[in-house]
Amino acid sequence: MAEGTTSRASLTLESTIASVNVVEEAALEYARAAGFSPDIASHLSMVAGEAAANAVIHGNKQDSAKRITATFEIAGPALKITIADQGAGLDPDTIPDPLAPENLLRSSGRGVFLMRAFMDEVNFRKLNPGTEITLVKRRT
Amino acid sequence: MAEGTTSRASLTLESTIASVNVVEEAALEYARAAGFSPDIASHLSMVAGEAAANAVIHGNKQDSAKRITATFEIAGPALKITIADQGAGLDPDTIPDPLAPENLLRSSGRGVFLMRAFMDEVNFRKLNPGTEITLVKRRT
Amino acid sequence: MSMKYTTRQVDGVTILDLSGRITLGDGSVTLRDAVKDVLTKGSKSILLNLENVDYIDSSGLGELVSAFTTVKNQGGELKLLHLTTKVHDLLQITKLYTVFDIKDDEASAIGSFAA
Amino acid sequence: MSMKYTTRQVDGVTILDLSGRITLGDGSVTLRDAVKDVLTKGSKSILLNLENVDYIDSSGLGELVSAFTTVKNQGGELKLLHLTTKVHDLLQITKLYTVFDIKDDEASAIGSFAA
């Protein structure tokens, strides 16, 4: 896809694991379309899946009345993904550090850390109600 | 998923081949979630991809200003998929029969035929502008 | 995700061992280029081994038909080998089963070319 | 799509050859059940061969850690064999590389268990 091209996709999905898989697959497609290498596309897909899983599980608590939305935007050299839920919200500053010795053997708590490790930008925004997370990866 | 459960997903996607792949993957996920066998899920995915490809290519003619929408609904024993575009529309009665001897060696024209072969219901509806195609498959 | 192939020569027949998906986009283009390439190199007896092709859509079917007619128009023959059940069913319902010469056994498939 | 595994016994060590994806949902559940099953059968020396695992997410990492602590709490040992680069990198950035005993060679991995 040529530099400067902007494309957009938006998905409104129910709060299920199937929806997490759909977000992963969509992220993989758009990462490829944006020209990312297979390895980076795979990381982008994984991280988008982490954000979608959080929206489904922690945010909407798999409530069948609630939806998650995912958007994908290829703008110039970057892929921007947003994932939003209708849950109670979160304070990103309170998320425990999974690298701290006392957390190293926990069986969860590595999702947001992986997002930050693999993406160039990770931002949380409070919705009313819910959380929107924005993930940006730039081609270098 | 229990009988009677209704779940809904809706996707708004740009008019690209990447979007066709996203629709195929989403159809595969929801077909599995609806309890269809792997073979039928694969056919459902293929046929949803045919409808999305038609929306992108024949409908929106890959115009970057136009979008396609796809919805997935699991209702009781059925999966219902709709695909809509913003194109010039079509008259389904004018689609040539790909089984007619004079069409057998054509390199295209089998998409709608395959939809009808694999789905329980295939309906076309005229939008303003565009086409909406509804595909229904019931679990038996 | 998309299609891959390798090429073998046996008794004057070029066998293309295809694997993956022959679908809209990459898969169809790869098949077209592969067949063109074989024809350019002067071989006109082509056997497509579809044993490892598990997914074809209407674009892929269209590419198979195109390959068939392209080879035929140049005085050659294109045959199909080892269909999976899925691909077999697809050729059956689209009546393409009657168009293609479809083989189950590689040795006799090779022997069946006009040479 | 999701994870599969087969089980082998070598010199008192149970080797699980895993393949596919260890992710939220099926993949993680399969791993948990597999390890439980081995423990139930009385074996406490477990080697997870990850050679054919090409995709792990944070749930999968969590399941690996759970399996490790479950086996350890029962007085056993769980080690990892043949990491792909991708999985290796994931264990490195999450510092889990320091938690697990990770092996490159099957024979010496088997010899390293307390028995």
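Brief remarks on what is shown
Letters A, B, C and D name the chains as they come in the text, with residue numbers starting at 1 for each one.
To be clear about the criterion, a contact is a pair of C-beta atoms (placed from the backbone, for glycine too) under 8 Å apart; a residue touches a chain by one contact, two chains touch by 3 or more.
Here the structure is a predicted model, which means the values were calculated and not measured.
Note on connectivity: the fewest chain-to-chain touch steps from subunit B to subunit D number 2. A separation of 27 Å divides the Cα centre of subunit A from that of subunit D. Computed from the mean C-alpha positions, the centre of subunit C lies at a distance of 42 Å from the centre of subunit D.
Centroids of subunit A and subunit C (each the mean of its C-alpha atoms) stand 41 Å apart.
Residue positions of subunit D with contacts to 2 or more other chains are absent. Each of the following residues of subunit B touches two or more other chains: 21.
Here the touching chains pair up as A-B, A-D, B-C.
For subunit A in complex with subunit B, the touching residues are 5, 7-14, 16, 18-19, 21-22, 25-26, 29-30, 32-33, 64. On the subunit A side of its complex with subunit D, the touching residues are 17, 20, 39, 42, 46, 49-50, 53, 98-99, 104-111, 113-114, 117. Of all residues in subunit C, only 23-25, 55, 57-59, 61-63, 65-66, 68-69, 86, 90, 93-96, 98-99 touch subunit B in the complex they form.
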